[in-house]
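Structures follow.
In the two complexes below, subunit A is the common chain; its partner is subunit B in one and subunit C in the other.
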Partner chain A sequence: MALAKLKVETTDARLSGVVVPDGAAWSNAVRADALSRVRQMGLPTKRDEYWKYTDPASLTTAEPSSAALFVNDEGPLFEAVDRVRIVFVDGVFDAGASDDLTAEGVEIERLADAIQTDIHWAKDLYGVLETRGQTPVERPLAALNTALATDGVVIRVTGKAAKPINFIYLHKDENSDAMLHNVVKVEAGAEVTILETGPAAARFSKMLEVEVADGATFHHVRAQGRDHERRAVTHCFARIGANATFKSFTLTFNGVLTRNECILEIVGDDSVAHVAGACVGDGKDFHHDDTVFVTHDSLNCESRQVFKKVLRNGATGVFQGKILVKAGAQKTDGYQISQSLLLDEDSQFLAKPELEIYADDVACSHGSTSGAIDETALFYLRSRGVPHDEARNLLTLSFLAESLEEIDDAGLAEELRDRLEAWLARHS
Partner chain B sequence: MTALDIVEVKEGVDQDTVDAVKELSGNYKYGWETEIEMEYAPKGVNTDIVRLISDKNEEPEWMTEWRLSAFARWEQIEEPTWAMVDYPTIDFQDIYYYARPKSMEVKPKSLDEVDPKLLATYAKLGIPLKEQAILAGVEGAEDMPAEGRKVAVDAVFDSVSVGTTFQAELKKAGVIFCSISEAIREHPELVKKYLGTVVPASDNFYATLNSAVFSDGSFVYIPPGVRCPMELSTYFRINAENTGQFERTLIIADKGSYVSYLEGCTAPKRDVAQLHAAVVEIIIEEDAEVKYSTVQNWYPGDENGVGGIYNFVTKRADCRGARSKVMWTQVETGSAITWKYPSCILRGDESQGEFYSIAIANNMQQADTGTKMVHLGKNTKSRIVSKGISAGKAQNTYRGLVSMHPKAKESRNYTQCDSLLIGDKCGAHTVPYIEVRNNSSRVEHEATTSKVDDDQLFYCRSRGMDEEEAVALVVNGFCKEVLQALPMEFAMEAQALVAISLEGSVG
Partner chain C sequence: MLEIKGLKVKLEEEDKQILKGVDLKIEPGTVHAIMGPNGSGKSTLSYVLSGKDGYVVTDGEATLEGADLLDMDPEDRAAAGLFLAFQYPVEIPGVGNMTFLRTAVNAQRKSRGEVELTAGEFLKEVREKAKSLQIDAEMLKRPVNVGFSGGEKKRNEILQMAMLAPKMCILDETDSGLDVDAMKLVAEGVNALRSEGRSFLVITHYQRLLDHIKPDVVHIMADGRIIKSGGPELALEVENNGYADILAEVA
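Let's turn to the complex of A and B:
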């Protein structure tokens, strides 16, 4: 079927004059393929079912909208953690600000270097997991990233990584338009923690492709900046092997537009995949969208989706989550919960929690609730002498806590909890 | 041996449930055909056919124009593809849009004049068109007091209504119950005022087609303050081959009135799929209440997916007045393809909408069904209870929308959908849309089976039941919730379904 006129126009305008980064033959081929897929699919518009609740217009314009710089007086996150810092300023790798890219158990290389190498392990992952993740739902913005990403790193984890790797995304230019693509390969039995912090750019497209091999463990904790005006679309494509663990948590404080897509494919037996998030939004120009797609294609696996949103002053929260259990993926245990706390009359929560099941011996459940703060609980705290705002913040924090519990590392969870508490106090 | 016999049933799935599903869909009891001389309009659809249908029904010009504008619109729009159903392309020009028994050419003045073959058809279906006190075929009904068990029936055969019972008695109460073609002639002011106000002619592909070519259906008007003295029912029978049935139902419950309406439908076994695209509009004014119950039993096709009815239906109730109430109850066992979302527009403050559904799909059946609860008024309440059961190679999807508009303060929704798979070749899917645009409303959506109410469990246990017994009782009781919403007339169907429990559901 021919693409709608608006789609064709949007796509043409966005692709006009773009430069595809040059590299080795394999890299050029995968990027050319991605570009042709973008043309074939067309960039998303508000009329697409998959963008029903989020208007992608600001993500697809030829030029980004500008975003004022925000000075975060709280200082960087995870300072106390011994980690390898990889710094990007407006989407450009900053060697001076980064640590030496070495740690025991991991090999880190800039994407720009990797794509110049004729024979490279990243060839089997770069754009490969993204392509797999295009069915049954098309994600043209992900293909666009594969075609045009200008920077990023490729990481191979060969053992237990000695320390976490922290991507730090700094925003210093009001009109920056960044496109990063990171690839992580966690080899059999290996283990790594990836941290991501910062708003990155005025407009940000970021992709993470992760291969979690048999018996491997991948932990991911992300905090997407604070109170900034950034517009972002992020994708995480993961392929999870047998006896493997994948756990991802994202914290979002404000930001004009954030669309986080997480596409997991569980292909090995007895694995665990958890994806969770907490977001707090204050004001009409806050729009946050969590879109998750978990495919079970193996035996006896467990998946969890836990998403909590606190919205006020006209903020919008979106959750689109799906569990697909393929025929034969018996003994699957799928769980999905999306909840929102609306602190005033104007905020809204839009959700589409889906199940698609083709195996009979599975347990899948999903729940979604939305509503105001529990007046009875509030009254109870107030009757014990807790001031109104403090009581409300206490209840709000406890509402968010269930998602923070998805983070295995108590220290990291504690630090994010403190930031949430401070944010709630500032936005009382 | 049907596919179900050889299927290995997962541990935890109740054998009674498997047997009941098998029983329900094993042998289609209504697959016989009535041999009767028919007259047809030429095959296909165009403005001439639209005019012809309008002519046959002796409609006023405004009605013909309304149809023609719908047809012009229909030609511009495309068939929707978003539902999780898969079927060969329908050739809309290869269908008869109008078929009526020759004997109906001169409209019978009373039931006594109706062709005996037609009367026999309905008698065989268990719906005798006689003004008898009780509806035959309802086990146990004999013991009920005759008064209050009367059911007025409008019988629709292919494209025409063959008769409506108890019209005189209903008239005494001020109730109008007749075919829609008669209503257009006899009560044009009511039809003009309400038709297309709930489901506009431009609503969707099938509703638009229906607006252009609907041939008959039922019309109900309950005047203010009247409790309809008996239950009203329409029975739809498709008999002719290669014929589409496009019926239109319009129900108006004026202020403070009440009516319970039943709908049944069957069709002969045929190798070629047949289209059924109906529209039901319900208008409910202040303090009025409508119960609408359906047992949908169209021919589902054979175990290889040959034949069957494509059931593409738009049903919507508009709770216009304050404190108005609607309750949809549906048991969906038939049809090769089901595309059906009986909806509630909760416009009036404190209005209520309820949707209870059991959808059973076996063999190659595909069902994509659910509801929309659109909360517009303050303090509105809705409740959705949906049970989907898939067996054989069937696909069963619950698709629903709960929308809380900014002005629908203090509103509530509770949704529970459960699915059960019998065998590993079928599918069960849930596609809920939840849109909350104010914070004083509360929306809860659940799709889980392990969640048995703790309080109820505790109560049972405190009466000395062991855990298993207690769970069985609670789960079974929960399933009965849907069946209890069915009126007495569907007691036989309910009995067959009561054995179904959702133990072992997947979510």
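Let's turn to the complex of A and C:
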């Protein structure tokens, strides 16, 4: 079927004059394939069902809208954590600001170097997991990233990583348009924690492809930046083996547009996959979209989706979450909850929870709610002397707690909780 | 301490008069009890005094040490020295009991222009007070009232009362949902707080609680008014004969 006129025009305008980074034959092939898939699918428009609640227009224009830099007196996150810092400034790797890319148990390489190597392990993952994740739902912006991403790192985890790896995305140019692509391969029995922090760019497209092999553990904690005017589309594609653990948590502050897609495929038995998020948005120009797709294709696995949004002064939150249980994926335990706390009547939460199940011995549940602050609890706190705004903020943190509990590392969770508290205090 | 004059209150949502002219004067250091049949307005009185939404005061006044209570926000009433122990303490997931207590204590101190307690000072005090109420460290760490038994919730209310050191304590059916042992423990906690400068208003259905928290004055409330006041013997009379005799007597 021919693509709609708007789609063709949008795609042509975006692809006009783009430069595909040159590399080894495998890299050029995968990028060429991705580019042709983009042309075939066409970039998303607001008429697409999958973009019904989020207008992708600003993500597909040839040039990004500018975004003012956000300045406050908060220091960087995770300063006290012993980690490997990998710094990108407006989407460009900054060797001077980064640590040595070495730590016991991990091999880290720049994407730009990896794609020049004729035989590289990343060949089996780069764009490969993304391509798998294009069915049953098309994700053209992910293919665009595979085709055009200019920077990023590829990480192979061979043992228990000695320290977390922290991608730090700094935003210094009001007109930057960044496209990063990171690949992580966690070998059998290995373990790593990936941290991501920072606002990144005026417009940011970022992909993370993760292979979690049998018996491996992958932890991911991300704090998306506070710049009010930034726009971001991010994709996480993960393939999860047997007896493996995948846990991802994202905290989002501010942002004109954030679309976080997480596509998980569980292919080995007895594994656990959790994806969670908390976001706080203030104002009519805040729009945040979590789109999750979890596929169960093996026995006795557990998946959890826990998403909480705090919305005020006309902010918009979106959740599209799906659990697909394939035939034969017996004993699947799937859970999905998406909730919003609407602090006023102008804010809105749009949710599309879905279950699709082809196995007969599974336990899957999902729930979605929108609510206001509990007046009884508010009175309880105030009757103890806690002032109204402070009481409301405590109850807001209480609402977000279930998602923060998805972070295994108590120290990281505490630091994010403190940031949330500070954000709430600033927005009282 | 607390003085209520001709207090009339109706519901905000519907035109229903709940309190029809309540008069009550509580002297410093005394314990007053209010008993009365269901629907007489006892809990409403406690809510109106502490500032819960949903009620409209149509007439009368309530003052705490001369200050107009009805004009204040709930948090200001608390800072002025009023405390309500809830009949159904609220569960707050994700907020640790300690965090909650410390926030409350320091908010009140701040509001009164006092120096806030340091973490160390606070911890020392809370541990001491928790111990006598048999509240262990584990319970202090858990989210506020989440997964607490009925007895634990009420003990937690008394711990808050002890930490906040109010002048005027209102206990709204603190005995409801408690077995005899739990009630004794709670009553001991309350009795330990009795002092010259602190008054109590104990709202209850049963004489039982008043065996443990001995009142100086007992009031009988019915249909939005205090219809009879007397000494502790009045509670015994209710226990033995129910409210029917008293209601008939004043009718």
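One rule holds for everything that comes next: the second predicted complex is superposed on the first by the 426 of 428 C-alpha atoms of A that agree within 3 Å, B and C clash if a C-alpha of one lies under 4 Å from a C-alpha of the other, contacts with A are read in each partner's own complex, and residues count from 1 in each chain.
One rule holds for everything that comes next: a residue touches a chain if its C-beta (ideal position, glycine included) is under 8 Å from a C-beta of that chain, and two chains touch if they have at least 3 such contacts.
This one's a predicted model, so the numbers in the text were calculated from it and none came from an experiment.
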TODO: Quick one: on subunit A, after the overlay, do subunit B and subunit C clash, or do they fit? Just give me the call.
DONE: fit
Open item on the list: Let me test your reading of the model: by the given contact rule, A:F349 touches which partner, first (subunit B), second (subunit C), both or neither?
Closed with: first
Open item on the list: Between subunit B and subunit C, whom does A:S368 touch in the aligned arrangement: first, second, both, or neither?
Closed with: first
Task: Partner chain in contact with A:A401 - subunit B first, subunit C second, else both or neither - done: second
TODO: Have a look at where A:Y380 lands relative to subunit B and subunit C in the superposition and call it first, second, both or neither.
DONE: second
Open item on the list: Is A:E390 touching anything from subunit B or subunit C once the two structures are fitted on A? First, second, both or neither.
Closed with: second
Task: subunit A residues touched by each partner, larger count belonging to subunit B or subunit C - done: B
TODO: Quote the smallest CA-to-CA distance from subunit B to subunit C in the superposed model, rounded to whole Å.
DONE: 14
Open item on the list: Counting contacts the way the document defines them, which residues of subunit A are shared by the two interfaces, the one with subunit B and the one with subunit C?
Closed with: none
- [ ] In the complex, go through subunit C and note every residue touching subunit A.
- [x] 50-53, 73-75, 77-79, 83-84, 86, 89-90, 92-95, 99-100, 103-105, 107-108, 111, 143, 160, 164
Task: Contacting residues of subunit A [partner subunit C, same complex] - done: 374-377, 379-388, 390-391, 394-395, 397-402, 404-405
Open item on the list: Which stretch or stretches of subunit A touch subunit B in the complex?
Closed with: 49, 327-328, 330, 334, 340, 342-372
Task: Sites on subunit B touched by subunit A in the complex - done: 10-11, 13, 82, 84, 406, 409, 419, 421-451, 506-507
